[in-house]
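Before we start, here is the structure in question, set down as structure tokens.
For reference, chains read A, B, C and D in written order, and residue numbers begin at 1 within each chain.
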């Protein structure tokens, strides 16, 4: 018996979701909903066998659906996801999970009560590069992590409903949340809305961890950059790495450059020595992230285990987005998480 | 009659200062001072004709010196520069100008009173790349400037007396101060001292301008990066540019990518259209910046005009450093300039 | 009435050909043939409405087919294409056109006699980059072309039937043939078969033009390179350009660097001056090359004009391949074209 | 007692030779000769203690000179070097060693007879990158070497006396000669003189080894390239490396990409499998090559051992240049070495 999926939203990203669910050996898409007639028509032509509806309710309430995928604008996530859970369906929700932490809490509680699963579409976690970073950090190859520095800038489309933080930062927040294990305690965000009021198009976000963690994270996101940049620097006290997502090969480089602190010599002598040795370029698996994500969902649904990108992971990202927005509207005021 | 220069400090940077002053056709170095015997010996071997002294006073008070160049750690700038001005000498001071704004004010006032010149060694202003950026922005080729985004990171030597802000940001602050004409009003800085207490080795600084300016600047500086990066992005509403100081050629690229705001259509329609046209790589002059800087100093001394990097320019940079440090010690608190 | 296409060969490249013909508004794929049962099954699943056959004859002889696309190994091109022409069908043939020049001649003559069209799948001619190069050279922006220097290397799959020349050089030969207008007269090729006898995996090919052309072309192709490189340098006496096909943006850069020859001064004076001015990055259209190629084919079929990649273009490429192979087997002996 | 050096030629490269000999602890430059008065004047100002002469004979015959460094155009090497050897001096000769192999033979024989040393200035052999390549290849880390592919192109100054082969190829020939241990047997060279008759400005050179070596080398050199490229690819059957001399760090990358040949399966099955694993970036020592070369010369002179860049090494490079030129004048005719 295949797991039956209903997908709400067949705009830019929806077709990828449908295709990847549909090509899983043990899953099948049974219904698609979209309020746009053109989108429905495209779905019908591509998948004559899948029923399509204008009203999302038809998908949510269909007895022929086990999982509802919500691939709509963030403002509608809570409402659709809640109804799906109430109808006894597992949910797969586009990132960011919800528009507020309160909404996320409610959905998580509801799923808990109903023994249903939530997966938030943090696709990047399933790329070869992020999996490799997770592996390197988990086995302490970088040592203690000192900083996480991310840049995601390009000439982007302006969104009317959300600013650059809600558009781009979910990627980077979800990656950091996955690979780094630090207790965060505060956010400060700066930025500017050059074009549309309250729709910031450039933002700089700093995350503080608890003091003993000695960790800082920074995110540079920009819709108005003439060039496209997608890099992360992760500095550890043993090694450091850089991820450049835009090169075809050699996406990750690991540098044997750490800091040796030698305090025996007293304050007036140079306390820090650098190791600067060989670097290496680990082999990254070429897998389609979305496909891997759905396989993971299938395994969680059938094995009754939690996805790495479950509701709680989604909520942590929403919390960071929420705090960042609060800070950016207050000239970078420090906001406790 | 050549202008006679005395140089205090013959450590890492001093030899460059001596060589460049000495090779100006109308200038000549007459005296060098350094408290380190080894440095003095090197100076003596290289320049048998230039007198050298252990005591800076010997240089400052020498009747055979018109200009005193102070190429020592920042903590000593004020004292040496003040004595030189009191002795009636023009001064050339290594960046950052002084350790506090108050010191800068005092030196500027003293020079004013004594009709003496101050040049602060903001060498980068004399590179072909910065001169080209200044030219492009001054003639409005980029349109209104929306943001300035600078990254200067590498595996750097730790300094014991100053943090990464005082070490690296003077370069970027002085460049921004020179090429961008915006009224700044506040600073917020984040960072962390991973290795030595209060010696931050990573910092993220945001500058706010007056609201009507619609301008934001950001600086990413880091002594603990495995890779070296030196880039600036300057976004205008007409064009944007990127400067990469680490490539041999093609350091600056100008993109015909701006934002056209079309508000006629009402708020619900897409207001922004991107132009995405040709880019070009302007030719950059290959000149030695330091040599050009000294020629400029000579012209100012003889033509009685102010250097572009005069005491006031030096003071503006010190003010930004001071505010940044205050903010970084207060978890990014907004500090008014 | 739509133009009806039959496609022979549904292996690696065939599906792209089917998809692009099928999505042309005025064309439709009616039949697919492949000797491999698995390929036919995939075709059937993807296109339930298109008939599929094991025997290519069924496609060639179908009254429901106007154009036969031959997307099979080169050794079979001649035979299939000939039968298709004899059956009164226009042909679209994968590159390289044929295995010998004699075969190409025969097909061209046959098509001529039957008033049928031949298009050879030189896809690269329809990329934005090649079209831009053609445009720049045609309007003499580079001046007289002095050299053409191409590198196409990577870690490639070994083919059992053809060497690296027949595999990779058709791309580069067809591009050069299209953008450069020089009378070629000889070929010299060097290389080595490290792995399989007579299957050269690295080759260096030089093309000579008639002496008065003062033109030389060179091709570096390699299946055993650890890194992937795809660049062309085209040097003119006015300007020069470089094409890097592996970067996402900024594929072509045009340099205002030419040679000014000033012979007035006599042999003992420096005769050459370099201009070294601005460079620029022209905007390249992002279009799917294959789609554009098929549109061009449609226009030729209906407008009764010759494709830029007609049988003669295909034959010129085959001639160069043939001569190159002859030369490489004779230690680089000069072979007249 | 320091070894006393006399330097003939103080043009572009001479000052580097003087400086590096002069700063060796156990060597000292005693005399400089140049026919150009301006060069002599610069030498005198920089080194008041070193005698300078218009006539090279004064250096060659000076009893105060043990080693004569010949840093003049290649056409004069033989004559000056021969006189120096006859006068009982060791010689250090700029590359290329001589204008013909016959001249090289004569000098080698003369030095042998007189028990004098010859060093040819193949500076590149002493760079960290070439030393690292030598080390990796010597310890068989790359396995059997299959090919050597070098590109050295830029917008270069035209020389009036020599073509691009004699100007640029000595670098690459000397590097290949040092790191690769293959018996070469033939040369084929193609090129063109676009600007000055017989002064080729672009050349493509292929070297053949004895057949059992299964090795091929190729050199792309060009004075008329709009961009500067300095790369070498070395392919082995175990690993491959790329050297990019223009990047500041990470000059060499080693790829675990070789070819496994599995012939058990018969000719119709795929015979080749690629390993495509991690790559690494070995640490390269930052040393001044010229300084290291002179230290090596000192050690050879005092330890009575042959330099790695002795007369024979110089002769092998000249032989390749000679054969290349012969071939290029005959449209790439294969010339036996």
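The criterion applied here is as follows: a residue touches a chain if its C-beta (ideal position, glycine included) is under 8 Å from a C-beta of that chain, and two chains touch if they have at least 3 such contacts.
All of these numbers come straight from a predicted model, not from anything done at the bench.
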For subunit A placed onto subunit B, the superposition rotation in degrees, Cα atoms, nearest 5: 180
Copies subunit C and subunit D touch via same or different residues, half shared test: same
Chain whose mean Cα position lies farthest from subunit B: C
Between subunit D and subunit C, distance of the C-alpha-averaged centres to the nearest whole Å: 39
Inter-centroid spacing, subunit C versus subunit A (mean Cα positions, whole Å): 42
Interface hub residues of subunit B, defined as touching at least two other chains: 227, 253, 276, 279
Complex contacts: residues of subunit A adjacent to subunit C: 227-228, 246, 248-249
Subunit C-touching residues of subunit B, taken from the complex the two chains share: 250, 253, 276-283
Parts of subunit D lying in touch with subunit C, wherever the complex brings them together: 146-147, 149, 153, 155, 158, 160, 186, 188, 190-192, 194-196, 202, 204, 206, 208, 214-216, 218, 220, 222, 224-227, 233, 235, 237, 240-242, 253, 255, 257, 259, 261, 267-268, 270-272, 274, 276, 279, 331-334
